[in-house]
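Take a look at the structures listed below.
Two complexes follow with chain A in common, the first pairing it with chain B and the second with chain C.
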Partner chain A sequence: MVRASTIAWVKRMELGVLAWGDGGWGDELARGAMVTIAIASAAYVVGSVLGILFAAMKLSGSSTLRSLATAYTTAMRGMPEMLVIYIVFFGGGSLGTWIATNVLGVRGHVDLPSFAVGVVCIALSVAAYACEVIRGAVLAVPHGQIEAAQAVGMTSLQRNRLVVAPQAFRLALPGMTNVWQFTVKDTALVSIIGVTEVMRSASIASNATKQPFTFYLAALAIFIVIAYLSQRLFTRLQQSADRGVRWGA
Partner chain B sequence: MQALVATDIRKAFGPLEVLRGISLKADKGDVIAIIGGSGSGKSTFLRCLNLLERPDAGSLWLNGLALDFGDGDRARTIAPATKAQLRRRLGMVFQSFNLWTHMTALDNVIAGPIHVLGQDRKAAREAGMELLGKVGLADKAAAHPAQLSGGQQQRVAIARALAMRPEALLFDEPTSALDPELVGEVLQVIKALAAEGRTMILVTHEMAFARDVATHVMYFLDGRVEEEGAPDRIFTDPRSERCRSFLRKFL
Partner chain C sequence: MGGLDHLGFILDTVLHLSVGIPRTLVLAAVSLSIGFVLAVGVAVAVLAPARVPRKLAEGYVYVFRSSPLLVQIFLIYYGSGQFRGALEFLGLWHFFREAWFCAILALALNTGAYTAVLIAGGLRSVPWGQIEAAQAVGMSRYRVFASIAFPQALRHALPAYSNEVVLMIKATALASTITLLEITGLAKQLSAETYRPFEVFAAAGIIYIALNGMVAGGFGLIERALHRR
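This part shows the complex of A and B:
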């Protein structure tokens, strides 16, 4: 019974639409998956670098730098990301158009490259979250170890490079794993400015074939596979960072 | 020959005056034991000697390197280069070891020589192995601190301090964090260093040990030196009543 109905259900889904090449949408979905991974990776790297910068500002002795970084992270974490994307994309486009007409004297409309805008917008939000994770990790490095570095006469740069950074890296990994997982999910948002990542590929395909369930299920499978593989990668990283430092590692 | 001189060191944390003018003179090869009750300022004084705390007033002299902290003039800053120079010429051993947990024992020992003294890696490794052998841990060179006992960690920390070829060593209760059965192995290493004629300042609660290795004893009370002198006299016939009752607790 169960078998028969399952087969009927699968038949109704007509999995042929997932075929590769001109006959199906499999290759489009795969390309969407690549775009998703590319956006997420680029945004994660850029966002992490910015996050380190903001964390350094928050931990610095200058109250101006501290307030700037705090203002940024507070605003960024309180804002819907969709709003950030619209503001950068349309605001940037209007600004570009204005500069083109009023400064360069060229007529016409400027469109920003949506892939780059998508990466930048997601990176801006990654930076806000990464900043908190990294700041917490730096503060969790035992103070005595920093004093020991001072006591042998290391400069603050050496101290940060040799003692703080390697340990903060290990301590930040669990939080940064989380940040990666939501970076991947956030890529779905850039479909609104026309980037053809997984969600947009699935939506185009389902509109064309009138089989939304099939394609959104496929999108779900893609996200689960990405989540699974990246979880394994981060677990590996954590294990190698923990080697020798923690008991049993 | 004088090696380390501290003159009238003062330090307050907010309204709390922790050091009220402490002076110390160590000749080369002296082992000065600092004893005293909890909160009397022993750690703070030691930390002032290598500027982990910035003294409010007083001066320091280490084999020709002179630092003047002014007279309550906190605004006067010490150049980072001067600070670093003083620190690399003084070795410090902490109560809680403070080994760098992400590095092996050997890497802990050679990080300073390589990055601060600019020694080449090969020479530093050789010297580092020799020092680990000296503290009885040649076979633990590749171990991380988490894999070592407290006594072993403290001996690595001593090797780390020695690797900088310091002109004087500062110890802040080096055995207080250890299980009783591990205290002996660390004291033995310190005693061997004293026998080599190293200049050492040692904050300790191990009175028998202080009496055994020290050339001079200072008793701290409320941020002042209440009494000081030769160990035999301090431990048998202290003049100060406070010192006498303090020592009685250890008998």
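This part shows the complex of A and C:
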């Protein structure tokens, strides 16, 4: 009985559907994986830049800037990422339609480019998490060094560029590795607005072949491989950032 | 359209969507409870000297932490259809065709993996001397775990766990992709009916931010109460 049902299970998963080329969906999944990596990388870069900006606002002397940044990170971290995508994609689309009809006098519906919206939405959420990581890293740079930089007559720009930033980079790396890992996972959400990344490639393939388990399992495996490889890359980066650091000093 | 009209509509929408709050909270609470029990077992297995359970536990944690929850939900909900025959034979199809069951299963397995890491971290933080002292006064292995190690591990893991609860409340929104009408599902429906997506989704966002604010506040109170003693 166990044998019979095992055979039935294996038979249900015809792995030929994962083949490359016209006969299978392997190349579509691989292309989806490339799109996933592209969205994640773009969102990570944009989100990190925004994160630096928000961290600077949180560390600034102005209470207005500080509370603006706090309001932003609180809202973004309290709201499902999927809602952010809905707000920007559908809300932005209807705003575009409103502008088109009332300002430009053109009739019709405005659709936003889903790839760009996907990148922007993921970046907005990356920014909120990156902001906390970067702020923590900047605060972890020993204060004596900042005083020393002032003492040798550095301007605040020189101080930030030559003393704070290089060290904050190293200290932020573990946290930013985490941020990268969840950025990759968040990209699955942009499948809901029609971007053909891994998840949507898997959906299309499973609709065509009626083998959803095979394809979502393949998507799962692709994400695990991306996570594994990027972890190794970040470990390398950390090792190179840590060279020349005397531990316990 | 004036600004007041928008505000009024958003307020109406918040009321309309609040029907989904109990569903969101039930999804989160049930998955968190099942996930927590699972996580305790997994954390113990991760720290166990026995090789096979340790490797299994580590594998589970790795798979569920490095893949997106959306893929996990679809794998369980849509993927189970591929094995309908086998599941019917085992009498399990009845469960797997239910979106509620699949959503809770996926959410529980997901939070179980993340929580296991937190609990294992908490258990590691208990000073070894305490375990030795407990053994020395003749406590059984179970007593050492239940009354010495575990309570301290929980206390250690509490701040990070409050974060996990917030993440889970956010994660329940994904259940809307498999037809569940919790807050986000209702918002999608309402947005399609009213053609006012921005206000509707913003209203849903306000509800989530309020819920998560309360959760974070509640955990803050618990932490302070534990600290006082």
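Throughout what follows, the second predicted complex is superposed on the first by the 233 of 249 C-alpha atoms of A that agree within 3 Å, B and C clash if a C-alpha of one lies under 4 Å from a C-alpha of the other, contacts with A are read in each partner's own complex, and residues count from 1 in each chain.
Just so it is clear, contacts are C-beta pairs under 8 Å (C-beta built on N, C-alpha and C of every residue); 3 or more make two chains touch, one makes a residue touch a chain.
What you see is a predicted model, and the numbers here were worked out from it, not measured in a lab.
Undergrad: See if chain A has more residues touched by chain B or by chain C, and give me that chain.
TA: The partner with more contacted residues on chain A is C.
Undergrad: Just checking: does A:Phe234 make contact with chain B only, chain C only, both, or neither of them? Give me first, second, both or neither.
TA: A:Phe234 sits against neither chain B nor chain C.
Undergrad: With both complexes overlaid on chain A, does A:Leu162 touch chain B (first), chain C (second), both or neither?
TA: Only chain B is touched by A:Leu162; chain C is not.
Undergrad: Figure out whether A:Arg170 sits in contact with chain B (first) or chain C (second), or with both, or with neither.
TA: first
Undergrad: Once chain A of both complexes is superposed, is A:Ser191 in touch with chain B (first), chain C (second), both, or neither?
TA: second
Undergrad: Once chain A of both complexes is superposed, is A:Glu147 in touch with chain B (first), chain C (second), both, or neither?
TA: first
Undergrad: Please indicate which partner A:Ser94 is in contact with in the superposed arrangement: first for chain B, second for chain C, both, or neither.
TA: second
Undergrad: Does any part of chain A touch chain B in one structure and chain C in the other, and if so which residues?
TA: Comparing the two interfaces on chain A, one with chain B and one with chain C, no residues are shared.
Undergrad: In the complex of these two chains, what residues of chain A are touching chain B?
TA: Touching chain B: residues 142, 144-145, 147-156, 158, 162-163, 166-167, 170, 244-247 of chain A.
Undergrad: Residues of chain B touching chain A in their complex?
TA: 50, 52, 80, 84-85, 87-88, 90-92, 94, 96-102, 104, 111-112, 115-116, 143-144, 146-147, 157, 160-161, 164
Undergrad: Residues of chain A touching chain C in their complex?
TA: 5, 8-9, 12-13, 74-75, 77-84, 86-87, 90-95, 181, 185-189, 191-192, 199, 202-203, 206, 210-214, 216-217, 219-220, 223-224, 227-228
Undergrad: In their shared complex, at which residues does chain C touch chain A?
TA: 62-63, 66-72, 74-75, 78-83, 85-86, 89, 166, 170-174, 176-177, 184, 187-188, 191, 195-198, 201-202, 204-205, 208-209, 212-213
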